[in-house]
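Which chain is which? They are A, B, C, D, E and F, in the order written, and residues in each are numbered from 1.
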Amino acid sequence: MMKINKSVIINSIQKGIRLDGRKLEEFRDIEIIPNYINKNPEGCALVKIGKTKVLVGVKMGVGKPYQDSPDEGVLMTGAELSPIAAPEFESGPPREAAIELARVVDRGIRESKMINTKALCIKEREAVWLVFLDIQILDYDGNLFDAAALGAVVALMNTKIPTYDLKTEKIDFEKYSGKLELNEVPISITARKISGKIVFDPNAEEEELVDSRLTFAFKENGNICAMQKGGSEPITKDEILDLMKKSSDQSKIIRKKLKNIKIDK
Amino acid sequence: MAKGLDIKLIKNGKRLDGRDMEEMRPLKMELGVLDRADGSAAIELGETKVIAAVYGPTKLHPQHRQQPKKAVLSVRYQMLPFSTTDRCRPGPNRRSIEIGLVIKKALEPIIFLEEFPRADIQIEIEVIQANASTRVTGLTAASLALADAGIPMKGLISACAVGKIQDKLILDVAGAEDSYGGADFPIAMINGGDEITLLQLDGDLNQKEMKPALDLAQKGCKILFDQQKNVLKNTYKVGDQK
Amino acid sequence: MAKGLDIKLIKNGKRLDGRDMEEMRPLKMELGVLDRADGSAAIELGETKVIAAVYGPTKLHPQHRQQPKKAVLSVRYQMLPFSTTDRCRPGPNRRSIEIGLVIKKALEPIIFLEEFPRADIQIEIEVIQANASTRVTGLTAASLALADAGIPMKGLISACAVGKIQDKLILDVAGAEDSYGGADFPIAMINGGDEITLLQLDGDLNQKEMKPALDLAQKGCKILFDQQKNVLKNTYKVGDQK
Amino acid sequence: MMKINKSVIINSIQKGIRLDGRKLEEFRDIEIIPNYINKNPEGCALVKIGKTKVLVGVKMGVGKPYQDSPDEGVLMTGAELSPIAAPEFESGPPREAAIELARVVDRGIRESKMINTKALCIKEREAVWLVFLDIQILDYDGNLFDAAALGAVVALMNTKIPTYDLKTEKIDFEKYSGKLELNEVPISITARKISGKIVFDPNAEEEELVDSRLTFAFKENGNICAMQKGGSEPITKDEILDLMKKSSDQSKIIRKKLKNIKIDK
Amino acid sequence: MMKINKSVIINSIQKGIRLDGRKLEEFRDIEIIPNYINKNPEGCALVKIGKTKVLVGVKMGVGKPYQDSPDEGVLMTGAELSPIAAPEFESGPPREAAIELARVVDRGIRESKMINTKALCIKEREAVWLVFLDIQILDYDGNLFDAAALGAVVALMNTKIPTYDLKTEKIDFEKYSGKLELNEVPISITARKISGKIVFDPNAEEEELVDSRLTFAFKENGNICAMQKGGSEPITKDEILDLMKKSSDQSKIIRKKLKNIKIDK
Amino acid sequence: MAKGLDIKLIKNGKRLDGRDMEEMRPLKMELGVLDRADGSAAIELGETKVIAAVYGPTKLHPQHRQQPKKAVLSVRYQMLPFSTTDRCRPGPNRRSIEIGLVIKKALEPIIFLEEFPRADIQIEIEVIQANASTRVTGLTAASLALADAGIPMKGLISACAVGKIQDKLILDVAGAEDSYGGADFPIAMINGGDEITLLQLDGDLNQKEMKPALDLAQKGCKILFDQQKNVLKNTYKVGDQK
């Protein structure tokens, strides 16, 4: 990949038009492919934002509930920045960046109460459904937070629940007993600041120049259920209010897009 | 966590531990609590107790991790195994790694890292006892420990958590408010001012609540900042020259 | 695994999925499916779906792993957690490490490694969905990805698995044939020819069955090789100059 | 920390007076703070010996007993030489030194039969109390063995046992059912040899010059229940007898000190 | 170890006589010592092929069966190339070579159906015998694959099964309830190609020159139950048929040798 | 472990395996049992069987671990998975790491490490079968392996374990004495003499028992030392020049 001079990118941003012709607050094309693979995962989505490609899959399992929520299923979210997506992602145990990504996606889902966890109880105190949500980055060109969160939401939206036999302790993955019950669909949007300008959806080269980022997860009623600041530059109180408004507007665009695609098989 | 559960967290206009909505728990700060470290500080915020230590700036090893134009900051945040109700296993876990990362990002803006090329500044935060607000208290203590170590800084970081119970915003989440409250909103500010260097949210916040929540966080950060200045002044016995 | 169990895998002269004994599953190949990688390819063989990417040649770090006279090939084979019926844990395991090793050995003979001293050529194989034959399909895809990356090669590697059900040899093991069949015999050949670079066997093969099994594998490899050539030709729109 | 020349320290020891004015066999001030924190741990102590500070905490848990002792609770001892205490303690999995420290402290407690493990049986073969004893070094200035062992003993002395409900498998940490039953209080003393002289309680700089060390754990009746030699120089039989006597005397001083402090909340 | 010039070894092989006087297809002396140690392992064998020494032991344990084979015992095979055998084997988690070795040995045993796994069922779905087969390389002088496989087979042939009490969940290792039931005895033979010549049983120096290797596991009826190609050079179809025949002949020699030794205590 | 339990370990004045109180188990030593190692030795003490190997001195890698004025000794002590009654997992654990450390410290005093600056001497101890006394037997074997490797030494290390049953001191703890005895007191001496290089104790020892226990250990070490000298003499066929 030929590196473009940083100052060229910044000059362009200062002028309000990015090198690829986008406006500062404009997203690249978003392509959502629900059920990208559909034999083994219980739910799946491939999301492309520009050249960034994220594959998210859901597998259901059965396990013991936590002691303090004995009648609730459990969500477990993992993310892999494996080197297939970019040579700088070395393989090995998940590092800071992958952990932050997984935890921020998880937080948006969990705090929005997207999943009806009570409906995942098989037998109180003994067996509940475990929802394994795994995020695999396939191609890295910036803005992983929004792509991963969107993929996660779509994968959960088409997740089916297998049947389970308490006696034999066997899951029958061939026979589904229903869909994952959802209460909510959170949409995550990450605003960035580059040289004082607010920018959305940076590509990999812009991402390197980000001074600070702020991720919001919005519920359907517009409320915010999760936030995460990143980057090494401060953000002022007023800027946060501004970023919130702009991100909220973006979330509505994506929410509309979601409404227009057929998510079930 | 079972946030939003139907448990009364306000009784007779007071929180369960008797505090007003915008009242912090009793706060104690102490500098130089450790002898070996280059700088250290301990903070007690109610039953939450943390110690932070600073080593450095020292030459960074291995060499390939050095930055030619600035110091590298490393932050380790750890909960002692007996600091929580259920024992937590020692060693890093996903939560502690994420918190170490956001604390590092929250401190970088105030340190003149460029004064120490090729150096390492290492911050160790041990949560001795946890009753909520451990990351913000650890961050506040780390900022004091940096001052105690004489590392040149643009300002101090003060951090607190705003919460929400029965639709009211509260300052300094603790106890059942953490388990059953409607939001946990940890925020760090430079010199109790307008600039925010750490911000996370778990919970449910109306967009209209954002400004009052930030204002309330600032109120908390100012309290912390005043006490940080006091303890520095008292420890180093210098005049109050803000 | 309960190989050899008494389950009828042939009904009315056809396999359970309707195929003839020497028929492969529907096959799709695509080049350049990823933007960041230097070369990439995806293959679907029935429900088995893999993506392979190539990075390099680049200078190998750390230096002490460099070879003075040739490039070092590294291969990582991984099944995504949701690619299997029961979730598989992410990260390397004994099976994936062995498969990465045999795939590496299967590719080394065709790459002009000596053209890139001190360099690193890195191959990443992700099994997106598994219904048997993942290692051979991954290897075939890796060979295509190397071509897509423009790495100079002596030929292409094509690989398939021969099996055995009810004492009949079959091409391209899938589904219940993997769990209950009498053999799994993955084989890789150079340009669909006579030279074998990967060979493993689990099962039970009469010595007299060895030659027909190898011949059948070659039939499969030729089918794959033809399609590999086609997709390369169609993608790069060059004349068919075999 | 400015390094003092090694030969200066050794000359001083040869003359029988250390650089900080202590006699060779003299300990620094020992400060014991039982229940240093008292909300979450079931038992706790902060011990300071000079500038060395060690925090020890006890958490109780419930688990399955070992098969060969189906009616006995289990002690598990860990030590962390985390870099807060000294820059040379790199973080990461416990290394040789931390493992030796934890195991020597553990051995003194275990072999003295300090804890009545039978009293920790909840239901034979099914559930027993686990005693997690964790040693955290906060500040390192030598003689970790004695400081850690003392902290461990005091923490166990003020340990309370929560209540446990076998049916719901829940521990109620807010309600204590009693104290940890103790049979014994072992005191550990470590003698060192530096350039042929017997020295107790070295600081960090002296510790670097130690040729050999010998740790004794003494029971109340004066018997020895655990020993550990360290260091790369031999010790003769006669020296061992001498070190034993002197260490035994030291243990009595510390035992007296323990009697004079209030250990319970 | 003084290194011999590679070309000297290759010239010699080209002439058909190796430096140690052996013909190309000739094995070194094979010594099999069943029950080399006999107190703690349930089965054991020391195999020496030339200077290569491999110690294999079997320990029996009890655990849950896999869900898809609820009435069958489980074989688990591990191999350690620990540095006692050669300085180039660094200690640490098993690396590629050790994993391949363990998996190839395991495959020969598993695919031959050597062990009657149904006879290892204690109680369906709840408890089955686990067969831990551990391969320890003590001295490395080439041809680990054949030495390890032979040691594994002999160790399993003299494996006894302890008694198990389902109620107390205790294994009595002092009292054996019978022998491990075997259906089959697979023999593994590895053919190598060096500079175009077929060679068996290379020593360590020859092993470094191997272009390709092919391991066959033969059942008693001559059928092949496992194969593994190694090395970076291709093998042609015809060569495979040739290697198969020669390896099959070798396997008969070793099978005869096995018949002539007393394997039980 | 249930030390001190009420189990009769002395019957008719003899220990359970028929030995007298101060009698060691049958002892066999062998040198040069491995071909690849620079030195090796095997010891059988009753049913306890260990092999020790020495590699080196060789140049130490990585360079930053080198010591400019002496060789670095590394010791790995490991129990084979099938060496114990219950299988033990392969790989290092806390017990084996501690034992490796005390064995290293016990050998350092006798080796002329300063003769090999920047070098590495690596000792590998494999416990083949365990019936108590594995660390002392491993140490004794390591000392022999060093001699077999021709490493210059000030003397040999001999090590044994003293125990206590029914208030009597015994030599060479084994079997039930290990599980139910009143003490395990492993000790290593230089040339069976007065200088002790390893000493640990688990159990209960009256201060008055210390001297007799050390004397008994010395008795055991002398037996071992004599046999060590014998096996060296017989193997190298040199005159007895003590």
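In this text, a residue touches a chain if its C-beta (ideal position, glycine included) is under 8 Å from a C-beta of that chain, and two chains touch if they have at least 3 such contacts.
This structure is a prediction, so every number in the text was calculated from the model and none was measured.
Student: Given the pairs C-E, A-B or B-D, which one repeats the contacts seen at E-F for over half of the pairs?
Tutor: Most of the contact pairs in E-F are shared with B-D.
Student: Quick check for the class: compute each chain's Cα centroid; which one is farthest from the centroid of subunit A?
Tutor: When every chain centre is compared against subunit A, the largest gap points to F.
Student: I'd like to verify one number: the distance from the centre of subunit A to the centre of subunit C, where each centre is the average of its C-alpha atoms, in whole angstrom.
Tutor: 32
Student: Distance-wise, how many Å sit between the C-alpha centres of subunit B and subunit E, to the nearest whole number?
Tutor: Averaging C-alpha atoms per chain gives centres 58 Å apart.
Student: Whole-Å distance, subunit D centre to subunit E centre, using C-alpha means?
Tutor: 48
Student: Give every residue of subunit C touching subunit E within the complex, in rising order.
Tutor: On the subunit C side, the touching residues are 2-4, 94-95, 97-98, 100-102, 105, 108-109, 185, 190, 194-207, 210-211, 214-215, 218.
Student: So in the complex, the part of subunit D that touches subunit B is made up of which residues?
Tutor: Its residues touching subunit B are 1, 37, 39-42, 44, 51, 53, 55, 57-59, 61, 78, 80, 82-87, 91, 93, 132, 134, 136, 138-141, 171, 173, 204.
Student: Per the contact definition, I'd like the list of subunit A residues that touch subunit B in the complex.
Tutor: 68-69, 94, 96, 99-100, 102-103, 107, 110-111, 113, 214, 219, 222-238, 240-241, 244-245, 248
Student: What part of subunit C is in contact with subunit A in the complex they form?
Tutor: Touching subunit A: residues 34-37, 47, 49, 51, 53, 55, 58, 76, 78, 80-87, 90-92, 122, 124, 126, 128-131 of subunit C.
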